[in-house]
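Shared between the two complexes below is chain A, which has chain B as its partner in the first and chain C in the second.
Take a look at the complex of A and B:
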């Protein structure tokens, strides 16, 4: 875990949800996010949904990046947004990615299910880190513009 | 000319205890005891104890040091506040316990008016405010600071939360006329503990403010310094024994169990990292020096609670009595908590209670390992400290020192096949603090570590044979 974030850096919480030990991809993502200028709080493998939320509260995180590689993601992630809302994090940005479901299923359907669960974005296996970072930057820029518009 | 000596004083809640130590040889010269008279005039009990010591020694030596600790007048009463219960609120709790405090309540998230009223009703000696990692959440600690600033709370407040909010928090409280100190964040980054600075801040408030507030300084003529709360002195003794002193090798990782009338304290000096192969560590990292207090496990004030927690049948079997006889024995204790066990049945019951209290307290203190089933097969996941390889267990407290069969009582802390997931010591040397000197060792540890270390080793009596045989001989040689 790294030292306190520099002023202005956005904080992201990363981890692998549920009884899932596949940590490598999550580590690569975390390093890429650091390189892209984010402050990353890494929770590692075998992380219960509640621990993501607790970490996000203490660190005042701007987003949570959930990884799931073992096919049980749909079960583990159910109610994730609701947990965030309960904890006062209703506006936190939520991304999820990996081998989210078992078997060969149509990605559009899978994505749709995770978006309905309250995730802002879902990513299929094989997504490049730069693609994720580009979308993150865009999403945060859009949020800033929205807040700015409201302020005016 | 005789060797220099030290006088070590414990102003307890029941007794004022004295230990006189020969610093040249690191041995106990004698003990003295008087009543605890803090509520009337602390000097009365102190003078009685000193007279008692003089009587036993013949004449009092000139003391090079006269150091004291105290658990009288309610101990060091603290309330802690954090953000998430398992994170900064837990870190704040660990800091207070490590400073030897009697933790009366802990709070998490934003304080409500009702919470503030509860805090004031507790009448704490110190309030510790944490919350947020550095650069993380600052709203909650600032909200809580504002609530406390607007309250009538008069005790010192230590702010040990998100450093980005520290200046503002300090200003709020100062402007409201509160005694405020800022310390390092107890959790600077998620999952990183930094509780030593907060412990030091608590200790300095204790010396500067609490000693006077509780009227302990009326005995100023009898001591040079009142250094810390008694549980902190015991923890310092454990640290010295574990780490060693100049020219003296320490005992390494150890566990210390202190069984009292109202609580059972467990101290561990160990990193507690997994000792076996591929085990995943989960949860918050544990402090190397960790103290836990079980407020529901006390030999006199909470004897009934021990029976409840351990199970009536288990206690009865261990004591060799019927389940029906337990109630009468418990009633006897409740009727007079000052009563010391007399008859054989009372004594065996007491030993069974003490063993159960130690077993539960150490189980709660030690970490656990469980098998998590993943699609890749089973994975062992550890939470808390693995104490299975800890080589030394030290027992102190009346029930152990004066009780029947201390070996059996202290063995309650050991690993059990019945609870394979509880990472308690498997094969330690068990030592007994037979003269109740650990507080004195802790007080002396800073000024005279060598003498304090020799004094401690000489006073600890091995109570088990078996794995400790060799070690036992070594101890005798070192202390001789």
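Take a look at the complex of A and C:
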């Protein structure tokens, strides 16, 4: 795995948004994130957007990983970044992945829509856990470097 | 949010005992008042209608005939958002698909008792000229109009409503003339809900089972059915059977006489046949032990319930093989999926075609049985050794009351469901596929399986870990989740570790 043990444990909130019960992929991702050295707060299936944010505040999380499999993710994720900003989580890392829209649609368009919604990254069906963890590690490393540069 | 009847909770201490006639009258009155079409339910009129149906449109009779003749029936799933579309669909499944049992799947709003939203869905569907709902909003149409579905077909109808809240849909469905209803307390609450308690799930289905007993008192035999496929994700037969027997005992206590038990296919020829045999034997064993010797429990085999491949050719293999598995296993009926499974709801034509594919596969396997195959007999014996300690512990912890025992057993992890979204089960039990293709228990969680039984499972799983060069651990469970739905190129062509790493979306 791609864990970096020297780093202090970062906290991630995971869950399946909206009225969606498809828990399997999200649970597998959560297990892989733990194996990769993250502290994972698992909210499970059927989680309202507000609950992600509440949990992120309570646990001082560094990132939120939103799953959606049932096609209605586009509706459920609207305004998610705004809710974070309102709650004082301006800079929290936001990832989303799964079958995010109804029916078969071009992925580039789907990704663009979710990035415009304020997600830092969006992942299509079939994504490997290792690919997510690698990008996560990179994104956090980049943030640390940015903070370091500002401090200098 | 209320998940069960407040009146039921107030007036009835939780137990497996049959709901009294007086209380049930009150509960029905409360239930039927929840939506205007509830007032259309007239039990006497509905019972007259049922008695007027020919035998071949009554599911308990049709199942009994099939069992006596050693046939395996075919039944699809299917539901659209308007009466007109649903009539067309059911006629296509009946005539083009040659379905032996014709379904009506309800939409998600109906399953969650959001009838206002379902009403909007009907309006939108009518406006668009296509179904905007993922099933038929039976409660909104009410029993009188829904009966047109039964009149449009020449087979028995069954309601498929994946819900833990079946009370009003059940009243409407049976009053409309459907003779079967799929769903149960333990199975659906642990598979489809997060916050709902096991007790509330059981209470809701006790209502439905009691309703069936009420029809029975009026000379109308109706079928109930348990969805043993659970979360549909690599459920080992023992765990499915544990829930089948528990829900069957609960139903029998309310007075149900025809109770089907569904087993999701593991896709292993011998294990599936063994599962069907073990389920049949164990259900009858525990029913008789509880004093119920007149409950029929036909076993229904279900096409693969995990994630399906996108490629229709790959799906066609699963559809056809699923017919083979059901027939060789001696199932009384097989519930089909279609080559469109990965994309959601199939067209009536794709649905009908997969029915015929399955029917042909059943026909081809008509004379083949496993009965004396040594590996089959070993597996039947193993499954029984897995199931008994769990059921016995559940009965014991409930001090003889299976309803109370089930709630306590779930709390204690004695009964556990893999990959469950529900908070009231531990979901620490973890299945995986072994080196020979059998589904085994990788981690029992707190389920009190016998040590020697667990050692057999571990031994077979270690063999897979060795063969695949992966550690003996949950990676085995994870890769087992995706090994059916991936593209062929990844399933069989490639041999590098990279290509075999599983995806995270199921």
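General remarks:
Assume the second predicted complex is superposed on the first by the 145 of 152 C-alpha atoms of A that agree within 3 Å, B and C clash if a C-alpha of one lies under 4 Å from a C-alpha of the other, contacts with A are read in each partner's own complex, and residues count from 1 in each chain.
By definition in this document, a residue touches a chain if its C-beta (ideal position, glycine included) is under 8 Å from a C-beta of that chain, and two chains touch if they have at least 3 such contacts.
Everything numeric in this text was worked out from a predicted model, so none of it was measured.
In the superposed pair of complexes, A:11 makes contact with chain B only, with no contact to chain C. In the superposed pair of complexes, A:31 makes contact with chain C only, with no contact to chain B.
Contacts of A:129 after superposition: chain C is touched, whereas chain B is not reached. Of the two partner chains placed by the overlay, neither chain B nor chain C lies in contact with A:75. In the superposition on chain A, A:98 contacts chain C only, with no contact to chain B.
Contact with chain B, but none with chain C, is seen for A:57 once the two complexes are overlaid on the shared chain. Contact with neither chain B nor chain C is seen for A:115 once the two complexes are overlaid on the shared chain.
Once the two complexes are overlaid on the shared chain, A:39 sits against chain B while remaining clear of chain C. Shared contact residues on chain A (touching chain B in one structure, chain C in the other): 19, 21, 45-46, 71. Put simply, chain A touches chain C in their complex at residues 16, 19, 21-25, 27-29, 31-32, 44-46, 69, 71, 97-99, 103-104, 125-130, 132. By the touch criterion stated above, chain A contacts chain B in their complex at residues 1-7, 11, 19-21, 39, 41, 43, 45-46, 54-55, 57-61, 70-72.
Within the complex formed with chain A, the chain C residues making contact are 108, 112, 191-195, 231, 233, 343-344, 419-421, 423, 474, 478, 481, 501-506. Note for the complex: chain B touches chain A at residues 83-84, 86-88, 131-139, 163-164, 187-192, 280, 282, 372-376, 379, 381.
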